[in-house]
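By written order: A, B, C and D. Residues from 1 in each chain.
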Amino acid sequence: MSKLRVAVLGAKGRIGSEAVRAVEAAEDMELVAALGRDDKLETLVETGAQVAVELTNPASVMGNLDFCVRHGIHGVVGTTGWTDDRLAQLKGWLEQFPETGVLIAPNFSIGAVLTMKFAQIAAPLFESVEVVELHHPNKADAPSGTATRTAQLIAEARARAGSAPAPDATVTALEGARGADVDGVPVHAVRLRGLLAHQEVLLGGEGETLTIRHDSLHHSSFMPGVLLGVRRVVTTPGLTFGLENFLDLN
Amino acid sequence: MSKLRVAVLGAKGRIGSEAVRAVEAAEDMELVAALGRDDKLETLVETGAQVAVELTNPASVMGNLDFCVRHGIHGVVGTTGWTDDRLAQLKGWLEQFPETGVLIAPNFSIGAVLTMKFAQIAAPLFESVEVVELHHPNKADAPSGTATRTAQLIAEARARAGSAPAPDATVTALEGARGADVDGVPVHAVRLRGLLAHQEVLLGGEGETLTIRHDSLHHSSFMPGVLLGVRRVVTTPGLTFGLENFLDLN
Amino acid sequence: MSKLRVAVLGAKGRIGSEAVRAVEAAEDMELVAALGRDDKLETLVETGAQVAVELTNPASVMGNLDFCVRHGIHGVVGTTGWTDDRLAQLKGWLEQFPETGVLIAPNFSIGAVLTMKFAQIAAPLFESVEVVELHHPNKADAPSGTATRTAQLIAEARARAGSAPAPDATVTALEGARGADVDGVPVHAVRLRGLLAHQEVLLGGEGETLTIRHDSLHHSSFMPGVLLGVRRVVTTPGLTFGLENFLDLN
Amino acid sequence: MSKLRVAVLGAKGRIGSEAVRAVEAAEDMELVAALGRDDKLETLVETGAQVAVELTNPASVMGNLDFCVRHGIHGVVGTTGWTDDRLAQLKGWLEQFPETGVLIAPNFSIGAVLTMKFAQIAAPLFESVEVVELHHPNKADAPSGTATRTAQLIAEARARAGSAPAPDATVTALEGARGADVDGVPVHAVRLRGLLAHQEVLLGGEGETLTIRHDSLHHSSFMPGVLLGVRRVVTTPGLTFGLENFLDLN
């Protein structure tokens, strides 16, 4: 089987250089280009790239994708800053080139994506659900964006299912003891030297609990998700938003 | 809204009496009959039972279900001992009464069912997967039936997806250190005073791990699953095998 | 070896009746009396009780211990409500009967006592420490008394050692996200159906974390501590406050 | 307060270079020398080093320590290969220079040392105890040396206390399910991509469990122990074997 020809855009950045290493290490891929800020996009065509991994910045991403789509090069995009307008524009381009696919993923960690998905499935099936996130103490926000998003998805799933509020007989509490309230879901943020990024979704029903825990122990954790995106995008024309769509969750 | 009229068969047993309590406590249900060994099935008709919770034994279950199906009473069945022959016979009955539904569930614990389901989904998406189960020290078998079943489902999911074997560079090992091998999935059994029944599925990929943990802390843990089965079976004609089909997993 | 002759005071209460069962089940003990509210203390003398397990109430405990100490019967006391005055009075009695021992234990759970002790030892040796407690949702206070006490002991240990405050770069936080502040130690309280009483002490330093977790899964968890108290008090004259003194922690 | 003058021997190695960084970052220390293989020991005297961190190899360590002790320079030693003969020789040198101190530590991770210590304390106080260690899948031995050592210490503590064997009613088991037997303590070894080095000691008694978990998330985890050793060794003349002696465990 011939190898997938992959380029990395933003190859000099911290994440981009990890992506370069990951593509090089993947047996079913060949790294054909690793472009930095000043390199020309034409290289993608000259090297016959089939997929471009886009890890640049919001100022560059639209121009890069415009070029890729027009040349039939599929995109796997980790760059952030997506608005409805931008998404509509990208969809327009893809309608003109209906065989080309683009995956945009706010989170490439398979563990993080599955945690959110499993939490949504399980949340309406238990009486109680809370989120505990644990991070290194240099983090500026609490709770983490991932934990807040997870709690929101949990709340939406419970609202859709008509779940009752979780039971809580607390009468006297120290301020903060019961965590932050994110759409009715308590979220607790632990800060501890030695940790990187960790999250637990705790679900409880009569006589049993279910815990879904995700531990990010190294910043390379998003690489398997990038590689999976590369493998799948070539047979998935159009726009796909969210890695969960490539995870065969059913 | 009128309440669901529910009967319990095998109401004098340990599990049956828990079911009686659970149905009585459910606001949307009315317990109309609680039958023991010597009580007559006609009571189900006389009391207008809509659903029968069948918690008897393999010798009684077929007779009970034959009666229920013929009288349009839906069944939620925890009794074990199902063979292909028995299932075929039950399906035959249900074809004659196409508006009646029967749920057979080998496991009514929502947490246990979700753990298996999530493990199957996640297993092909990580390089490594192992199972650790932890039980009270009076248990006679190791690993537990649930852990063995979970490992088999994991192995099947990985085989279907063409997953490579999990990496393991172990060269020198004490006998037993790496656990039992269930279809290629290591399973470890801990026995500890104070525990009841607990299971962890550990999944690992580049830079991250995902852990799904189920804790059964009380034998009442299967009751929410029974009640959920009762609520769903009335609108699910035919035979349903496995509670997972009622959990909206997609 | 002859068996220890043990009496239980408050034997009709929920905890007292557990203690009766535990003493009866202990191979090295003989239950010689199980006294309720209306039974006479003279029974302790008539039955030759060597140790009295005192599980009554603050209104009765002083009279009971006065009688026991005067008759050379050792005491293992779970009744609460101890003030400096009461302790001074009890010490006075014990000085007159210097061969008699009394253990007063605010907490008989060996796991809870060890958790507090280990937390105190470890707290000054790590940069960060936080407490997460998890309980059933019928609990009225948050955090639990045990978690608050644990955090206070941690704070005292760190103050004694001159530890710096734990690092925390949080700039923007949802209210409550970082938990309750107990003497500078963040304490988070989770409420989940299915749980009983659980506590984690999380410690973090450069590149590593240490977690001490205590799970109470059944209210019988204090019984091993009571039995250990009975065995030790007979050779420990005078007043002992706290089960930790009998745990050979050094 | 004047800063501690610290030298690192073996400063070019992976661990040595971490030590150099850690000493440089410590506010109460000054790095006065960082010696590689070919550098002269006299530098230690010329730079006024008070403490030498010895991270070389068994072939060099004795010569280095001989020099240090003779010049009144305290030692903090991570190099392995200590035999009774070597220890006796070192003790002889220290007797001639009674104001000099040397710490030899087989493990500088505070979390690992505390886990072992706590396990020893707790093991005789619970009916059941097992060890689960979890490592990356490139590890060649199972169980890990640390887990084996922990289990041995647990077994010794229980033997000293006259503990009964842990209860285990297992009748039918898959081979390996119950783990490796290390002096009667079951030890389970999990291998998972994404992990570094982790260990749990699980203890269980009537109605409760206690879990002591150590997570090494980065190889820098031994640095706080080295710095602590440096601070303490200057006031601890003679030979100290094991970091636990500097941890104020009582």
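Some points to look at:
Rule of thumb we're sticking to: a residue touches a chain if its C-beta (ideal position, glycine included) is under 8 Å from a C-beta of that chain, and two chains touch if they have at least 3 such contacts.
Quick caveat, the model's predicted, so the values are computed rather than measured.
Chain pairs B-D and B-C differ in how many C-beta pairs they share in contact, with the greater number at B-D.
Distance between chain B and chain C, defined via averaged C-alpha coordinates, is recorded as 39 Å.
Chain centres here are Cα averages; for chain B and chain D they lie 47 Å apart. The set of chain C residues touching two or more other chains comprises 126, 194-195, 203, 205-209, 215, 217-218, 221.
Chain contact topology: the protein chains form a complete graph, every chain touching every other one. Within the complex, the chain C residues that touch chain B are 194-196, 215, 217-218, 221. Those residues of chain B that touch chain D in the shared complex are 126-128, 130, 132, 134, 137-143, 148, 166-182, 186-195, 202-209. Residues 109-112, 114-115, 118, 121-122, 124-126, 161, 203, 205-224, 228, 247-250 of chain A are the ones touching chain B in the complex.
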